[in-house]
Structure formats: structure tokens, C-alpha cells
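Letters are used for the chains, namely A, B, C and D, taken in the order the chains are written, and counting of residues starts over at 1 for each.
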Amino acid sequence: MSNLLGHYNYWIVIVLMMTGFYIVIARPNLIKKVIGLFIFQTSVFILFISMAKIEGGSAPIIEEGISVYSNPLPHVLILTAIVVSLATTALGLALIVRIREAYGTTNEDEIHVQDEQD
Amino acid sequence: MFITVSAVILVAIAIGLVRAFRGPTLYDRVMAANMIGTLTVLMVAVLGFMTGRPEFLDIALVYVLISFVSTIAVLRVVNTSNDTTEDSKQ
Amino acid sequence: MMALALDLLSWIFLLAGAAFLLIGAIGVLRFPDFYTRLHAVSVCDTMGAGLVLIGLMLQGGLSLVTVKLLLIFYFMMFTCPTAVHALAQAALQGKLKPVVDDRES
Amino acid sequence: MEHFIDIVLLGLLMITGFAIVRLRSLLAVTMLTSIYSLLSAALFVVLDAVDVALTEAAIGAGISTILMLATIAQTTDREKVPRHTPLLPLIVVITTGAALIYGTLDMPHYGDPDAPVHRHMAAAYLHDTPLEIGVPNVVTSVLASYRGYDTLGEVTVIFTAGIGVLALLGYHTRRQNIQPPGIKKIVVLRVIAKLFLPLILLFALYILFHGDYGPGGGFQAGVIFATGFILYALAFGLGNAQRLIPQRLLHGLAAAGVLIYAAVGIEGMLLGGKFLEYRVLADDPVTGQHLGIMLIELGVGITVAAVMLIIYFGFVSRQNSGDS
């Protein structure tokens, strides 16, 4: 039981991660792939933040009368990771817009077919 | 007592999620997303009091603004795409 | 005595707010079409949220926390009805017909 | 009790994830993605990561969703049914997942205060921050001071992303105003937008300069600042928004933010310290740290806000010019 509760966060995170992974590899639509990537990224964020949590701890903003704080280091890492995830999402979507203009579709299978015809 | 309120909020979020999944129109989904935005704001506010550090309400304030702006942004896009009354599953 | 009365009042507000939230949520699930569901959402957004925030303000007392809650309250009372209004307008322009008589249009 | 909320929120996240796989309308999927992001942001609050929650809400639920919508608006809403049977991907995913779950069995339990992560650096940061930096928010002190190099790199990444989007999509200035057809006639929205724009910008400044004492900082403030202008563009049309902040100004600001950051570092060198050493900026080391953090947060905020707007205008102006 303690094993289940102790690892619940990690397991759900892995399920989420695999959901995102599945969308990325199984769905031909490029926008859907970006969304899958987004889910994957967010689940990694949750993994790190779960590791930072200390039972009974409080947010790492120093205040009188609080002695236990959660670990601030993963927070810093993830804060920057979120910003990078936005950068990758924006670039990916911009590429999709250009691909759509060049091929007339956002479907990966159709793009492959067109590439083979050339 | 705060736990009662947060439990109710969680139930309401779950119901909103059901509506967002079932549709049937896109407007229903936007509405559900907006409702979940509101509920998340309340959730964060109640959580602050529950953990005894209520000074983090800035986050809730940001959520209000963000959920408003993204709702408006969706509405801008929705009416340009034609099939708004699609069926939800496949 | 005063503190107890305030606490009690705040709990009444919080519980009433929670009740309205639940009612609104059930309405969102159960009502037959989009426009009726908007009514239910408005109950959530204004009455439910408002009462919960007032309850929290009573808990916060005279402090910066209450000021922030007041700001959230103010923002919410503006943004939520605007969003719902815009949503209804968009749906109407998107040729979504309200259900008048039957369950299914 | 927090544990209970944590469990329920993770369950809801999982349901949302599965719903995203199942739905085929991309707009519907985007709505669910926005919900997913909001829920994960709420989860971050439960897990004590207030700064992360603020960032995730502003970036994930806000800007990312808006960008996805802009992309869908100029491509298509329907996802075609894939031609292949998803058997192979399913096997790959389940195998990987099983391997990862096997790997978690050796991990320390959730919330364990003796986990190796909490042993070394974190304790030092928590102990030293009030003495050396003098700001209560440890996340800000680590982000801006102890690991200032990383954050400089981060800002450069954002700046590069802005240049990348600019190179891919270009920047079209709209002379005439194309009003979004869906919300053309809504007067209420315009009044509210006009009422809220100054409040949002003021709030962004509060987040920027209050980042030392509460959740917040340059990244979040920049995004909120940009969101204010996006609201303006949504309510009053793109042309008006672009007249409000001209292209050249945006490009200049995007570069200026990074330069401010780097200049603070070089100023430290000129005053006899190391690169990005803030102690030497003032007579008193703690005051110097305060000054340095405030300046670099300002730089970060300026770059992030400008790049967000460049990206947004890039997406939306292309869409309009394609339509007409």
C-alpha cells in the first residue's frame, strides 16, 4: 500500500508520458503530434516537481516560522524547461504552417506520398 | 472544512471534463474549458488557505486573465472553421 | 466571540458557494442544449465563485490577502460574464440553433 | 489532505490525456490541451511549486493554446484517420512504459525528505539565500543569481526562437483592419478589453518586480505583458495592435532585453568581479544582488514579451494575408 501511494505520482506521470509518446508516433497529423509532444513535456515537468516535494514542506519562499521547504532546484530547472518548451512548440507550429503552404496538407502520410511522386 | 470546498471543486472540474469530452458542439467544449478555468482559480485560492500560506493568490489572478484571453482567442478561430457541430467521437 | 462569528459567517459563505458550484456543474452536465448550459455555467462563474471568494475574504481578515481576493473577485465579475456573452454571440453567429421544443434539434 | 487532491488531479489529467488521444477534431483537442495545462498548473500549486505553476498557466494554457489555435485556423481542423493500424506504436509504447515503471520501483517514495535529491545542493541554497542574496524567493535567487549563466542561455534560446519564427513566417503589417468574423459586433468585449489592458500591464509589472518576494519573475511577467496586447489585438483587430507596437520597436526590444542581461554581467566584470557577479554592483553585497536580480529580470521580461508578440503577430498576420 505504501509502495502504491509512494509511487502513484510517478506511475501516472509515466502513463501520461506514454500517452503523449503514442500520439507522436501513431498519429499522422502534424498538429496532433505537436500536441502529443506538449503532453509529453508537461508529464516530465510533473515528474520533476513530484520529486521536489517534501512531505509537510512548504513553497520555497523563505518566511518566519516555516522550517521545511520543498526542494527549489527542480523548480528552477522546470521553470526554464517550460519556457524552452514554448520555444520548441512555436517553432514546430511555424514549420507546420510552412509545410501546409508547400504541400497543402498537414498529414504526414500524404506528405510522404507527395515526396515519393517527385 | 476547506477540504469539503476543494472536494466539491474537484467534482465540478470532473463534470466539466465530461462535458468537454462529450461536446457535442465545439462551443460546449469552450464553455467547459472556461468553467474549468474558473474552478481552477477557486481551487488555487482555497489551496492557499488550506496550506496556511494564502499569499500566493497572484497565481489565481494570472489564471483569471489567461482563461479569459484564451476563451476569446478560441472564439476568434471557431467561427472561421465551418464544422462546429461535429460529432465528438471519430 | 467576534472571531467565532466571522468564522461561522465565512463557512456559511464557503459552503453556499460550494453548493452553487455543484449545482452549476450538474446543470452543465444535464441541460439539453448549449444555450441552457450557458445558464448553468453562469451560476458557477458568478454566484458560486463569488460566494467562495467572499468566504475566503472573511477568513483572510484585513490584510493584503483580502485585497488580492478582492481583485480576483473584481476580475472575475468582469471577465466571466464577458466570456459567456461572447460565447453566446459566437454560437448564434455560428448558426447554432437553440433547442426550442424537442430534446434533439 | 493535499495528497488526496494530488491523487484526484493526476487522475483527471490522465482522463484528459486519453480524451486527447480519442478526439479527432483538432479544435476540441486544443481545448482539452488547455484544460490539461490548467490542471497540471493546479497540480504544481499542490506540489508547492508556485513559480512553476505561474509559468505553466501563462505559457501552457495561455500562449501555447493561442499559437495552436492560430495554426489550426490556417490549416485544417479535421484529423484524418491514420492508414496504419496502431499496433506497432502500441507495442512500443507499452514496452517503454513497462520499462519505465520498472525503473520507478527503485526511486525514493513521493515526499520522502531523505531522498538523495534533497541532500546536497538544495539545502545549501535554502540556507544561503537569505544570507547572501537577501531575497525570500529561493527559486528567483537560484534562477537569477546562483545560476545566472543558465538563465542568460535561456533568454538567448527564447530570442533565437523569435528569430526562427520570424524567418519562417515573416512579418506582415496590416494596413486595414480585418476584424475577426466571430466576435465582430461584441461591444462589451471592446469595453472590457479597454478597461483591462492597463490593469494587465500593471499586473505584469507587479509580477516582474515582486518576483523576489513572491511567485513571479521576468519570464512570467513578459508572457503576461504580451497577453495583454494579444487581448487588445483580439478585441480591436490586428492592424490597431500593430500600430500600437510597431515591428521595428518589437525587434529592437527583443534584442535589448538580452543585451541588458549581458551588460549587467559585463558591468560586474568592469567593477572587478566575475561575469554576472552582482555583489560588486553596489557598496553592500546584498544591495548589489538585489540590483542585479532586478535588472536581469527586467531584461528577461523585455525579451520574453517582445518575442511572444513577434511570434503571435507572425502567426496571425500570415493567416489574415492568406485569407484575403
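What we mean here is this: a contact is a pair of C-beta atoms (placed from the backbone, for glycine too) under 8 Å apart; a residue touches a chain by one contact, two chains touch by 3 or more.
Predicted model only: the values in this text are computed from it and were never measured.
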Dominant interface by contact count, named by its two chains: A-D
Approximate Å spacing (C-alpha centroids) for the pair chain B, chain C: 12
CA centroid of chain A to CA centroid of chain B, Å: 20
Between chain C and chain A, distance of the C-alpha-averaged centres to the nearest whole Å: 31
Shared-contact residues (touching 2 or more other chains) in chain C: 75, 79, 82, 86, 90, 93-94
Per-residue overlap in chain B, given as positions that touch at least 2 other chains: 16, 30, 32, 51, 55-56, 58, 61, 65, 67-68, 72, 75, 78-79
Residue numbers of chain A (touch at least two other chains): 58-59, 63
Each pair of chains that touches, named by its two labels: A-B, A-D, B-C, B-D, C-D
Contacting residues of chain D [partner chain C, same complex]: 181-183, 185-186, 188-189, 192, 195-196, 199
Chain D residues within the chain A interface of the complex: 3, 6-7, 10-11, 13-14, 17-18, 20-21, 26, 29-30, 33, 36-37, 40, 43-44, 47-52, 55-56, 59-60, 63-64, 67-68, 70-72, 74-76, 79-80, 82-84, 86, 89-90, 92-94, 96-97, 100-101, 104-105, 107, 109-113, 115, 117-118, 121-122, 125-126, 129-130, 136-139, 142-143, 147, 150-151, 154, 157-158, 160-161, 164-165, 168-169, 213-215, 217, 219, 304, 311, 314-315, 318
Complex contact set, residues of chain B against chain A: 51-53, 56
Complex contacts: residues of chain A adjacent to chain B: 58-59, 63
Residues of chain B defined as touching chain C within the complex: 1-2, 4-5, 8-9, 11-12, 15-16, 18-19, 25, 27-28, 30-32, 34-35, 38-39, 41-42, 45-46, 49, 54-55, 57-58, 60-61, 64-65, 67-68, 71-72, 75, 78-79, 84-85
